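Have a look at these structures, which come just after this line.
What follows is a pair of complexes built around subunit A, which joins subunit B in one and subunit C in the other.
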Partner chain A sequence: MPLTRREFLKVTGMGLAAGSLGMLGFGASGVAQAAAVRPFKLAHATETRNTCTYCSVACGILIYSMGDRAKNALSNIIHIEGDPDHPVNRGTLCPKGSALLDIVHAPTRLKAPRYRKPGGTEFEEVSWDFALDRIARLMKEDRDKHFITQNAAGTTVNRWISTGMLAASASSSETAYLTWKVARSLGMVVFDNQARV
Partner chain B sequence: MKQAEAPPDASWSGPSHPGVKSPSPIVMPDPARRFAATAARLDHLATGHPMEPWLRFLARLARAQHRVSTTLAPAGMVDPQAVARATEARMPPLAADGHHRDASWREGLTSVLDHVQHPDADLPPATLDAIDTLRHTDIAALEGQANNFLRGHVPPADIGAAVFIAAALQVYFTGSAARLDAADLRLLEQRSLCPCCGSPSVSGVITATGLIPGTRYLYCSMCSTAWNHTRTVCVTCGGTRKLTQEGIEGDAGLVKLETCAECHTYSKLLYQVRDTQVDPYADDLASLGLELMVSEEGFARHAPNPLLLTGDSEEDIG
Partner chain C sequence: MTNTWQDIRNANLVIVMGGNAAEAHPCGFKWVIEAKIENGAKLVVVDPRFTRTASVADYYAPIRPGTDIAFLSGVMHYLLEKDTIQHAYVRAYTNASLIVADGFSFEDGHFSGFNGETNTYDKSSWNYEFDEQGFAKTDDTWQDQRCVINLLKQHVSRYTPEMVSRITGTPQDKFLHICELIAATAAPDKAMTSLFALGWTQHSVGAQNIRAMAMVQLLLGNIGVAGGGMNALRGHSNIQGLTDIGLLSNQMPGYLSLPTDKETSYDEYMKTKLFKPLRPGQTSYYQNYGKFVVSLQKALWGDAATKENNWGYDWLPKLDIPLYDIIKAFEMMNNGEMTGYICQGFNPLQAFPDRGKIRRGLSKLKFLVTMDPLDTETSRFWQDFGPQNPAKSSDIQTEVFQLPVTCFAEESGSLVNSARWLQWHWKAAEGPGKAMSDIWIMSGIFHRLREMYRKDGGAFPDPILNMSWKYTNPIAPDPEELAKEMNGRALADLTDPVTAVVTKAGSQLDAFAQLRDDGTTASGCWIFAGSFTEKGNQMARRDATDPREQGIAPNWAWAWPANRRILYNRASADLDGKAWNPKKPVIEWNGTRWAGIDVPDYGPTVKPSDGVGPFIMNAEGLGRLFALNLMAEGPFPEHYEPFESPSENVLHPKVPNNPVARVFADDRASFGHRRDFPYVATTYRLTEHFHFWTKHALINAILQPEEFIEIGEVLAKEKGIAQGGWVKVSSKRGEVICKAYVTKRIKPMTVDGKSTHVIGVPLHWGFTGQARKGYGANTLTPSVGDANTQTPEFKAFLVNIERTAAPAT
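Here is the complex of A and B:
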């Protein structure tokens, strides 16, 4: 369909003078308006769609932040509300979801992997490399020790039931597919998605 | 209920229509209130406004539109089969630029001019000239001007008169749209255009009341139909990645412009939660200041308000 009457027009002083305002003799109003806004500054905000982190209902949320992403300014989340366009919740949120802003700004929010040594009493912050290496090492040791290749009847089963995995609530289909492929290829059968708990 | 367990046999005792509802996709206009509301709001906003004389004139024009829309007999019904055919093809049934206009819109125009040009109205000479020229324009030329306006090509000499032609066409299309049933219409694939007449919107209202508060309704610049448009999606290009909301620092937060850095246009958002009296037409006309600020940053308006056309150096007018 042709987009009629959709000329993209910049609103400028000259445009106003040559437009309805000027042509009907109200040019002074346009000049006064342009002068009136001169002392003011623009406030930039962004509205971002996301999914609530809490449960399997996966409500849509809108996150408001101050600052202009395009200009690399530091942005700060100021408000979170239910997404009225999301078919799951249509703008509603449960009490936990309504308090999402507090987990964003919580001083106790987990922002990096932490590790407590065997026998230790305190968690300490560690690098992702350390955390992933350690998880991989422990998984391998456990799998080597407990992997079951055959059941009592001698049928090949190749399963690993001593380690389990719980995946996230806000996964896309693609994430779920990859999670499944990774976990199942190791023979892992104790496996679920938060998305159906 | 556990899997494989028998379903409960008691009848459902919860609400009869439980669950999450969806917003009405299309809301038809009410010609008895549409222009009166705009006039009242314009008068309210005009007080102390830098553009007070212009807004008072627009309020006067809206009152004239109200009188015409409540007294003039509306145009004949659109054939229901034609409506069904159009919606089936995903076309607007009252397509403003293709629809065969009833001659009654010209009666409406004369009436609008009579109401605006009241003896105690203090109108600038340029406005009186425009009115006078329109009164002496013959039928063929008037139809030509209306067609030009609806197709977006207003010659620079006709810009003044275009305001009155637009006002009369708004009354005409609002009356015609009100005779259609929202259930017979369908949103267009091009979501930024009116599902009833195919015109662009003037502004979007983020509701604070109704079934689902917080939904955005775009208001048609011609037939006053409102239709739902997903928030945080650019009205012009459908982009979602580079949208920013611009407001004036420290104001009440009623008016925001949603700018899109992908197509370099903006559309207006009006937050009803900030002022329940907000009117999609009046508040759009009264918030030109923010538009001037955002235009300086290099953004263009998604579509003009028909009552505030702007000219440019190419003399190509919306």
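Here is the complex of A and C:
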């Protein structure tokens, strides 16, 4: 019977725990207890295949989370490691990738939309509807006022240069494509990404 | 990258110049070590600092920042003078034999056609000489002095070892030793790979740095072969993808260009994109350009794009200038010409040159939207954080929206890695709090705008109302649906003209060869065609099988174009179709077709005897030692000093800098002179940090907690600076107060007879996150870019440094 990776972890984890702890002089009961605990965390976690978010080596990673994805069971990421099957990184990660868990759970992760009024000294938390309604309104006002349908020579040019956008080079290609569609449908040409920096 | 990460193991010589892979791309760099251990490869590093890449090199040479073209032109001079080039390859696969038109010349720092009033070139003389049929003339004997190879010889003849050393500060003996090592890879069965990154791009001559090495590689026959190639080690996890999908001012998906004002109709636009072959019988694959454009328009606008309305050509914005890049955008902002700016996963306050100018620009906006998983400096530019961000909030009228976005672990989708692999990843958890995906946010803004335009009208609503948005969940389209749209599908039953196989209407396409220009196919990004077919999501494939362990792994994920892993791989075989290196063949002619471990970058049944060139995207089918009119500065690279330089341009003092770089007047006024700022500075990255993100991650903030600069022992002694002592580093644009890290890794160089010091400026700090507050290297850097791409010159500028007291805490 082929072993799934999770079962493989269970088996080898127990073997390692028994062997190494035994050599350290633990008694039989300690070994049994350690053998039960050692593989517990990852064996009971849900494994998800992903890619490191930093550089373009694109190391394969395995994300382990608590929660079995049942409805109402909120997943919590508890561990991230290199994917040993990945042909480039073969399980290894660098000092950045090894610390991915800390960026997922960084205390400065943003959790709610915030808004700062003209001249304001603080952010205030706002609803998504407030933020997106207001942004769309500001964009439309500017576009209606400054959109260039024709240049001085009378050529149709249909561009908008008074509002611009920088796109995220760590977002997925699918996000990028959708972003491109939105920006270009508005006629946006002040448009760039991190290719240069 | 032309090749793959694992393919580096096949190299005989690895040259790292313009990058520091051991620290910036550690898990990819392992393949360099593998090449050394398993293939007996030598590693050569040329860098201003003795980096960790240099620490495992077989040979290291220092170089003054911003002088790589002089070095590489010197290498070309060496190869041509000693005649250590791969003759058969150069003769058959490059444009060495083609004859250049009479009007082309180079004199005193300018190529022909320079207009000193506008600082632009009339490039009409940068061309071949043509015969009556419109084919480029050629002389395979290389007797004609106007052959590309002879003009190149003449152009690089000034770059003698003495001259190279005088400009670059690299000692002559070290330069010559590296030339010898490089020249050894001219043997048909030997390969050198070039690994580079921002160390080459972030110069006012960045694109020409890379071209210079590409030319070296063509002369050596190292393009298209296993263990060879030009390998740009890219930065962000999907910067390759964003470039592929054209999220740049002047681009559309798949490297199609956005129309300009001059292209007043679809037919006018297509006139410059016909790509008639310049030599008889050549492929010139871009003759299919129209199929890619029409299929894109069908993906964007669906049924609304018809032949009658030129496939919705008027709905695309047109450009009046080459591009609205970041430097231009912030110039406009500072001039009060911009209203709003949206920063999606981007932190320009730390990332763009001349930080003071960035802050002043953002302060003049009516509104700023930031979308990010993290609390970025940009989203708080209006708040006072002391000397690291002095701001008077009440004076800044910008409305700011800080939108929380999910991160990589909280979404599914694909990323394109440096080797052009599209790899799918899966969501592991929900984002924190109310964080939402970029897809949901962008869709939310789009729907609101579209509703307002539908109801209230406004400026040119057509493209907004006509944009195709047929997703199962229009509020938050499924990434798989978007991926399928980029791949493309048949809109009618398509019959293959050769095999008569019918692709049913509605089916996903298998390859871009199926695309049509009659509106019967749709594809949002033609180079991704094949990534999501009727067989399913090819990007999610996880078969790591690797024939002969040669680093191809053809069934792992999917690579553009056409799942091809090594670009130009026809050039890995000789004129008869046999591998130049029989031990590491990529594809070979088996008598009836091209076969091997990779997908041929060539007609699969085109016979070697047909004489079709291996560079099928080029109209003459050849690798270009002479770039025609495709580069801003000239068809050959030329050494121009950085805009802030410690030295004269000894080749042509009257033309010191890139003559066609775009420099705004206020930026020029902010350039410093060597009298006041005598030291060369260069920015760099630490292995513990990624840009300005990882200072938010506790462990990285602990590993490298605070801003510092790196100086050599000699300069430290001269200036009385102690190890870990406080210093003030200043440029014409600003100052940074931080600690000094005094090392043996940077030594003074002798440039044009004068001792020249280099200062290293790591760039990872700011005023949000877990690490200590810092200014950011961009406080110091100049606002000037490469003339082709406008990539800012972060790698060579001038500063002063002095000892200072610790800041009050």
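Here, the second predicted complex is superposed on the first by the 104 of 197 C-alpha atoms of A that agree within 3 Å, B and C clash if a C-alpha of one lies under 4 Å from a C-alpha of the other, contacts with A are read in each partner's own complex, and residues count from 1 in each chain.
In the analysis below, a residue touches a chain if its C-beta (ideal position, glycine included) is under 8 Å from a C-beta of that chain, and two chains touch if they have at least 3 such contacts.
Keep in mind that this is a model prediction, so the values were computed, not measured.
Comparing subunit B with subunit C, more residues of subunit A are touched by C. Look at A:165: by the touch rule set out above, it reaches subunit C but stays clear of subunit B. By the touch criterion defined above, A:106 reaches subunit C but does not reach subunit B. In the superposed model, A:191 makes contact with subunit C only, not with subunit B.
In the overlay built on the shared chain, the residue A:29 is in contact with subunit B alone; subunit C does not reach it.
In the superposition on chain A, A:44 contacts subunit B only, with no contact to subunit C. When the two complexes are overlaid on their common chain A, residue A:81 makes contact with subunit B while staying clear of subunit C. Residues 46, 48-49, 82, 85, 87-89, 92 of subunit A touch subunit B in one complex and subunit C in the other. Residues 46, 48-60, 63, 65, 67, 74-77, 80, 82, 85-89, 92-100, 102-104, 106-121, 123, 128, 131-140, 142-147, 149, 151, 153, 155-197 of subunit A are the ones touching subunit C in the complex. Interface residues of subunit B facing subunit A in the complex, by the touch rule stated above, are 20-23, 50-55, 57, 91, 97, 123-127, 130, 150-152, 156, 159-160, 162-163, 188-190, 193, 198-200, 212-215, 221, 230-232, 236, 240, 242-250, 256, 261, 264-265, 288-295, 297-304, 307-313, 315-318.
Contact residues of subunit A toward subunit B in the complex are 1, 3-26, 28-30, 32-37, 40-49, 62, 68-70, 81-85, 87-92.
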